[in-house]
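Should a chain be cited, it is by its letter among A, B and C, assigned in written order, with residues numbered from 1 in that chain.
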Amino acid sequence: MTSRIASAIALLALAAAPAWIGSDYYLNVLSQVLIGAIFALALNVIVGYGGLVSIGHGALFGIAAYAAALLLNAGYGHFAAIVFGLLVTLVATALFAVLSLRASGIGFMMITLAIGQLLWGLAYRWVTLTNGDNGINLAARPQPFGLSLAGADAFFYATLLVFLAALVSMTSFIRSPFGESLVGTREQPRRMTALGFSVWRIRFFACLFSGMWSGVAGLLFMYYNQFISPHAMSLSASAEALLMVIAGGSGTVLGPIAGAALVVIMKFVASAYIERWNFVLGAIFVFIVLVMPEGVLPGSARLLGAAWGKLKGADARA
Amino acid sequence: MRALEIQGLTKAFGGLKVTRDVNLSVEPGERRLVIGPNGAGKTTLFNLITGELRPDAGRMSVFGQPLDDLPAWRRAHLGLARTYQIITLFPKATLAHNVCLSVLGLSRARWRPWGALAREQAFDARARETLAQVELAHLAGRRLSETSYGEQRRTEIAMALAQRPRLLLLDEPFAGLSLDERNDVRKLLARIPRDVTIVMIEHDMDVALELADRITLMHFGEVVVEGTRDEVVAHPRTREIYLGA
Amino acid sequence: MNLLPLLTINSFTLGGLLFLLSAGFSLIFGLMRIPNLAHGAFFMLGAYIGTSLLIGLKWNFWAAALASALAIAVFGMVLEWLLLRRLAGREQAQVLVTLGITLMVADGCLVFWTGDPISVRTPAGLHGSLAVAGTAFPLYRLAIIAVAVAIATGLWLLLEGTRLGAKIRAGVDDPVMARVVGIPVPRLFTFVFALGAGLAGFAGVIGSPILSVYPGLDLDMLPLALVVVILGGAGSLVGTMAGSLLVGFVFNFGQAYFPELAYFVLFLPMVVMLVVRPQGLFGRGAA
């Protein structure tokens, strides 16, 4: 019951954000948190619930953006560009999955890394198509139903809507029979096979779901910046997304959101005070993997719980 | 039509032959016991039947359905279920949820990406019903990690029974159980109706011999003796293998 | 002027440099079963330390290379002992830690050496070129090939001729059995990780006259090491040699003839190999 109230309050606070967040700058940061959260939630489907660590998801994030950007600059409208972007992502994800799912564990990691690098390399070097490192600029953001998304407020609301859709989708997914079977494959793939589940197919469709939402996040990112460059598909971008998932707590719905908040806020806010935020990010990564592999939220809960237990024990003895 | 028909099954790992030209026939409703010293290849045989391992040669069929190219996950849909020597359940989930997954595995619903599984009455009811069969209904809401080893072994059996199998493979169901627990499992197994064919690997002779109709003795990957309980017990090779050098 | 001879020599040079970089990666991957994502960072850090020794303290080039190698080896040893050992058996976690280390080292280098690229002069005595059949082959590039061959020989002697090498090979082939026969696998891990790191650091200095030293060098080199080891096979010296030459040639010729698809031509075989034959061309042990 309390978690429902907390969620409701959080949602209200988000909905009213433009009111209580003074500057456009910070509102934009919040938009980026939400975009990061969508990407992290998508990645979490594979990493957290599926138990397969991917370090190539930046490719899926970026390919949607590039596909859409190319179509836009070819003169097509936003709707067509978005649909095209998502279609390309779907095909790319299917290929990504078919190749990567030949293995699991470290093998899966390596193949995702390799594919990520392959696609990044294309974006970076195929200059005639992608403009290479200079990236592709977009003239304008879309105008759904005639409403302009140029301002920070409007864009924030658009992002918030997509985020809420993602949130509902994720929650529904993870509680569904398919979602539960995905978690089952993470825990006991042998057993699941003996029970009649096709572990490969489950992972494949989970990849598609994950890829689609990664593409959605990529499109939002593209519209936010009105620009896309190969950096979005780089190893550091994939690592950042992975950090969001792991830092926050993989295998939960709130975890990736918290992780995204942590990483984005570090990037934009802390970087004003701490020059080398990448170092801090790396250190947090190492710390979390060593001390709280389950992520900051569950890990802190565990450590706090243990501390609380010790205190109560001390009280009882006193 | 035989419940299980195996012909010329062979499997080798590198130079080591773990299954040598095994022939096995089990009639529907039969209780077949597979015995043999450690390393005889009994669990490997199960792994070959369920599809976790691919044989080098030989044919297998379950109720007339050939298993040759059937992927492991499809074999459960033929009515094949098994338990494992080591516990491969879901420790953080409740007993009911564990058995629920078992029921889900054979249902079309397992592809549905919406609608909470937890709220599926039908699955929950089936799960509890199966847990009642193994006398664990009272622990349905308990986390697996908070139950005893004996209770977990019974949950293993419940998982297999929940699949409503035609052919049930039990891999050492009595392993590590106390005398009382063994009694419980023995009674449980005796209660299983004859429309389920059972093939069981076991070391605990007393309990297993009681349940068995026919016995297959394996040694170094081969079938050495096969017959009724009395035939096998009296056979000179049995004594040789169990009491010999 | 015929580009071919020069392109060929450059490919051998790049191959040699890649060998120096990837030999360590291959050993680490073969023995510890983890792709060390910090390997590019070791290369870069070694190169940066080299620049300080060469430009700041005016050391001899080769002395600087060796000193840098030693420094990075120690660094690697400390990292393995402090961090990776704690996660023994959890390879995925170890890979994530190496990722974190990469981020930290990259930023650390930015702080120490700032963001400007640093160029390094070729060492004394190797400035000119050797004229052969009408083409001028830069001496230093030939020297790199010689160094690579020397190091390869040294590693081969270590692996095939010493007891330590035998233990390493045993660990690569069958880690479980190695433990069973009493090989101290954890200490071996530390040694191999340190050796691999040191080799990368050494390679960084050796490569600096050609590549120069700049932020992002780590992420430029890491994928190349990855391709080399995946194509050639982890844990195998011959495999790393073969992979290095292959990548050297494909990269150089790719850059020359299809610059836009250079990376694609490079990474596609890697993806194919991972999917079709994960142990690479000459790989030993389980993938």
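Here is the rule we go by: a residue touches a chain if its C-beta (ideal position, glycine included) is under 8 Å from a C-beta of that chain, and two chains touch if they have at least 3 such contacts.
Every value quoted in this text rests on a predicted model; they were computed, and no experiment measured them.
Asks: If you take the chains that touch subunit B and keep only those that also touch subunit C, what is left?
Replies: Touching subunit B as well as subunit C, we find A.
Asks: What chain lies farthest away from subunit A once each centre is taken as the mean of the Cα atoms?
Replies: Farthest by centroid: B.
Asks: How big is the gap, in whole Å, between where the Cα atoms of subunit B centre and where those of subunit C centre?
Replies: 50
Asks: Using the average of all C-alpha atoms in each chain as its centre, how far is it in Å between subunit A and subunit B?
Replies: About 42 Å, centre to centre.
Asks: Return the distance between the CA-based centres of subunit A and subunit C, expressed in whole Å.
Replies: 32
Asks: Of all residues in subunit C, which are in touch with two or more distinct other chains?
Replies: In subunit C, no residue touches two or more other chains.
Asks: Got the subunit A residues that touch at least 2 other chains?
Replies: none
Asks: Can you name the residues of subunit C that touch subunit A in the complex?
Replies: 33-35, 83, 86-87, 91-93, 95-97, 99-108, 110-111, 219, 222-223, 226, 230, 259-264, 266-268, 270-271, 274-275, 278, 287
Asks: If we count contacts the way the header does, which residues on subunit A are in touch with subunit C in the complex?
Replies: 53, 55, 99, 102-103, 105-107, 109-111, 113-115, 117-118, 120-122, 124-129, 234-236, 239, 242, 246, 275-279, 281-286, 289-290, 293
Asks: Which of the residues in subunit A end up touching subunit B in this complex?
Replies: 172-173, 175-181, 184, 187-188, 190-199, 205, 209
Asks: Can you tell me which positions in subunit B touch subunit A when the two form their complex?
Replies: Counting only subunit B, the residues touching subunit A are 50-52, 71-74, 76-77, 81-82, 84, 88-90, 92, 101-102, 104-107, 109-118, 120, 159, 163.
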